[in-house]
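You will see chain A twice below: alongside chain B first, and alongside chain C after that.
== the complex of A and B ==
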């Protein structure tokens, strides 16, 4: 009974996450367009894109590993859906277990890994450049990202449970209202642009350099799956940041839900602004940036949070 | 070395980095580019040959179609060449109008490049903003010539359309609006720390490289080589107005961008002065040219990308040139990638290749393919050999009677 229930819960949350993810990616596109003095797409554009892609022919390149090539986009969608489902469970039902924060760190790397898998199975030169960049990028942004996740965990009395972090903030105010919280928030915001693969860290796809990079051979619904996974991540990652750093009001009733959505939109808009006011960085520059200053500041933030500020 | 050369990252023939079909093979060792090979010949249209079958007046329109972006540069140089041949002095008003059109084109072309460079760096906000600012310039073109891109303003002996006095205030108003916007864009680009990190010290061309490759235009001026046809060999109204040549010393992509942006302000200066001079005056805008005598002429113009060169020969009887030779600036600018790209990463090579503001349709030269064997018939060396042979042949035929040839050899 339990298995069937979880299955249906997963399917329903997949539908919910797809819809809301695509809608959120429309918000991102619309804001980008307004910044660039364009009109921007209508609200259904992201849905139309996915529907159009699902009607296109799927080409599997000759000499590629067929199974991996087809399986990795699906893996990408599954991983990001599980992420989203977990977060929704935490928010809606206060359901969680002791180590779910660590599980999240794992789950959030899987979409990147699936891009690497898919790219490497396609056997394209440009894709191989793309996956080598994605690998280096994954290694580099993961370090400050984890630093920034440790800070709220320390503040909430050394817990690795997301729900406890959220409830701690409900009692003691948002994490962002402390010095270490501000440091952590800035770091996780920047690292999440790497995680989402948007400018300035979109080198794995870098359209004008390597023409789509790892995704170059993908077409049809398989490309659609990657786009869908990316949209869902665009919903999941800011939500994750909100839970870690901008908690503070338990979601009871309509008013608090509205405040929560507002917080989420602020994080989303900040990410959109970062991506519209920066050029793409080189891979060596991003590596130096993430492992140098950002990690140092992250460790500093951890030390400050240990001292309780 | 042979082992390393095996990984080829293709940029082209169709690639988002290039607006036109062109093929760069990057031989890569990881991200580092060890060698670059350039394969051209996808876009050859035989314009020089075509010009030999058109009337003198038609050639003005034909050469305008060589390039869509610097569409007035080729007619400018062509008219200069024919006027050099026939010893025609054009009316002063026409000189000013020619300069105005030439400088407006420089403005829109430089803004176009800034936008594209932003796009290539993933900075789409700069792309959209620069192109938005460029709209004002295109509106000015529409006001003056009736067209936004192919203006058809030039004719042998002058210009086709006048700039009326009542249009001048609104032109100046649009121009000053655009100037403010470009000022903002310039400050934004120069002060942006991430752009500096990305562009400074990338693809450096020193003075030696510039001289070896014969590079011209903003590329040369960014490396501290002060060549500009408008100053060195003044034509149209460029010696009648006050402006200065912009040079910088580093020769990297950042300096190329800075040179282009600062040149915009000089162009605005030239346009403003020219508009002031023709305001309230009356005069001919063209001189009737009935016959083109026997002889040869050269015409040069500083296009947005550098010096464009036209050579014209007439036998005095035919109603069309019997030889028309064109050299666009990209033809000498693009090969500088050999000096600037090797040893850089793929990301940098992309912006360096775009940094010379290449115009492939101006540059295209012949390529001979065997359709059945899918192989190139002539290699680059073969073509150079053939070209030298032909030059020798022509030299023998006409070399003695030509004054120009004597000057050159």
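== the complex of A and C ==
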């Protein structure tokens, strides 16, 4: 009974997450368009993209590993859906367990890993350039990302549970209203642009240099799965940031839900602004940026949070 | 009219094939994709790989070196796809129709759906051509 219930919960949250993720990716595109003084796509644009891709032919290149090629886009959708389901369970049912923060960090890397898996199985030269960049980028942004996740965990009395971090902020106010909170928020905001693969760090699928990078050989619904996973992540990662740093108002009733959505939109718009005001970095520049200044400031933030400020 | 065709009409991802063009049409296509003309209104986005494309924007007379490449790109594009011949050269050969390198206008090599004449056609003309085509297909 329990298994069947959790299966249907997973399916329903997949539908919910894909609808809201596609809508959020439309908001992202629309804001980008308005910043560039354009009109921008209509509201159904992301849905039309996915439906169109589901109707296209799926080409599996000769000399590729067929099973891995088809399996890895599905893996990326499943992983990002599980991430989203965990956050929704925390928000809706106050459900969590000790150590789910660590599990969440692991699950968030799986979409990037599945891009690496799919790109390497396609056997394309440009895809191999793309996956080498994606791998280096994964190694580089994980370090400041984890630094920024440790800070709220320390502030909530050394916990590894998402729900305790969220409830700690309900009692003591948002994490962002402290020195280490501000430092951590800025770091996680920048590191999440690497996580989402948006413009300053989109060198893994740079269209103008390596023609789509790791996704170059994907077509039809398999490409659609990657786009869907990316849209779901665009919903999940800002939500994660809100839970870690911008908590403080428990979701009871309609008004507090509106405040929560407003917080989410602020984080989303900040990420969109970062992506629209920066050029693409080379891999050595982004590695130096992430492992240099950002990690140093992150360690400083951890030390400050240990001293309790 | 089914949903997938409707979705295809609303989200055309274009790939630019330059088959021996004199670069004029290519510059006009680049103009077309700038914020000024904003083709994302119609869901048109430039993609980097023919595997992602729905529309092939082909320019230029197809010269003898390009024939194999153009065929290859057409075969790599997942169907259904639309081929647009842009400029006088791709439509009919233009001023290079008697050239020694001429291997045909585009429709000798691959099936063409839309012809947009002009030397080079303005971005407005390209938008008008594609929008007219979208109204025609059912």
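The working rule: the second predicted complex is superposed on the first by the 309 of 309 C-alpha atoms of A that agree within 3 Å, B and C clash if a C-alpha of one lies under 4 Å from a C-alpha of the other, contacts with A are read in each partner's own complex, and residues count from 1 in each chain.
To be clear about the criterion, contacts are C-beta pairs under 8 Å (C-beta built on N, C-alpha and C of every residue); 3 or more make two chains touch, one makes a residue touch a chain.
Owing to the predicted nature of the structure, the values given are computational and were not obtained by experimental measurement.
By the touch criterion defined above, A:199 lies against chain B but remains apart from chain C after alignment on the C-alpha atoms of chain A.
Of the two partner chains placed by the overlay, only chain C lies in contact with A:41; chain B stays clear of it.
By the touch criterion defined above, A:211 lies against chain B and chain C together after alignment on the C-alpha atoms of chain A.
Once chain A of one complex is fitted onto chain A of the other, the partner contacts of A:281 are limited to chain B, with no touch recorded for chain C. In the superposition on chain A, contact of A:132 is made with chain B only, not with chain C. In the superposition on the C-alpha atoms of chain A, the part of chain A touched by chain B in one complex and by chain C in the other spans residues 36-38, 207-208, 210-211.
If you check the complex, the residues on chain A that touch chain B are 32, 35-38, 125-126, 129, 132-133, 199-200, 202-203, 206-211, 276-285. Across the interface of their complex, chain C is touched by residues 29, 33, 36-42, 44-45, 47-49, 51-52, 54-59, 207-208, 210-212, 215-220, 223 of chain A. Here chain B touches chain A in the complex through residues 7-10, 15-17, 28, 30-31, 118-129, 132, 192, 194-195, 197-198, 345-348, 350, going by the rule given at the top.
Looking at the complex, you find that chain C touches chain A at residues 3-8, 10-11, 35, 38, 40-41, 43, 46-49, 51-52, 54, 76, 78-80.
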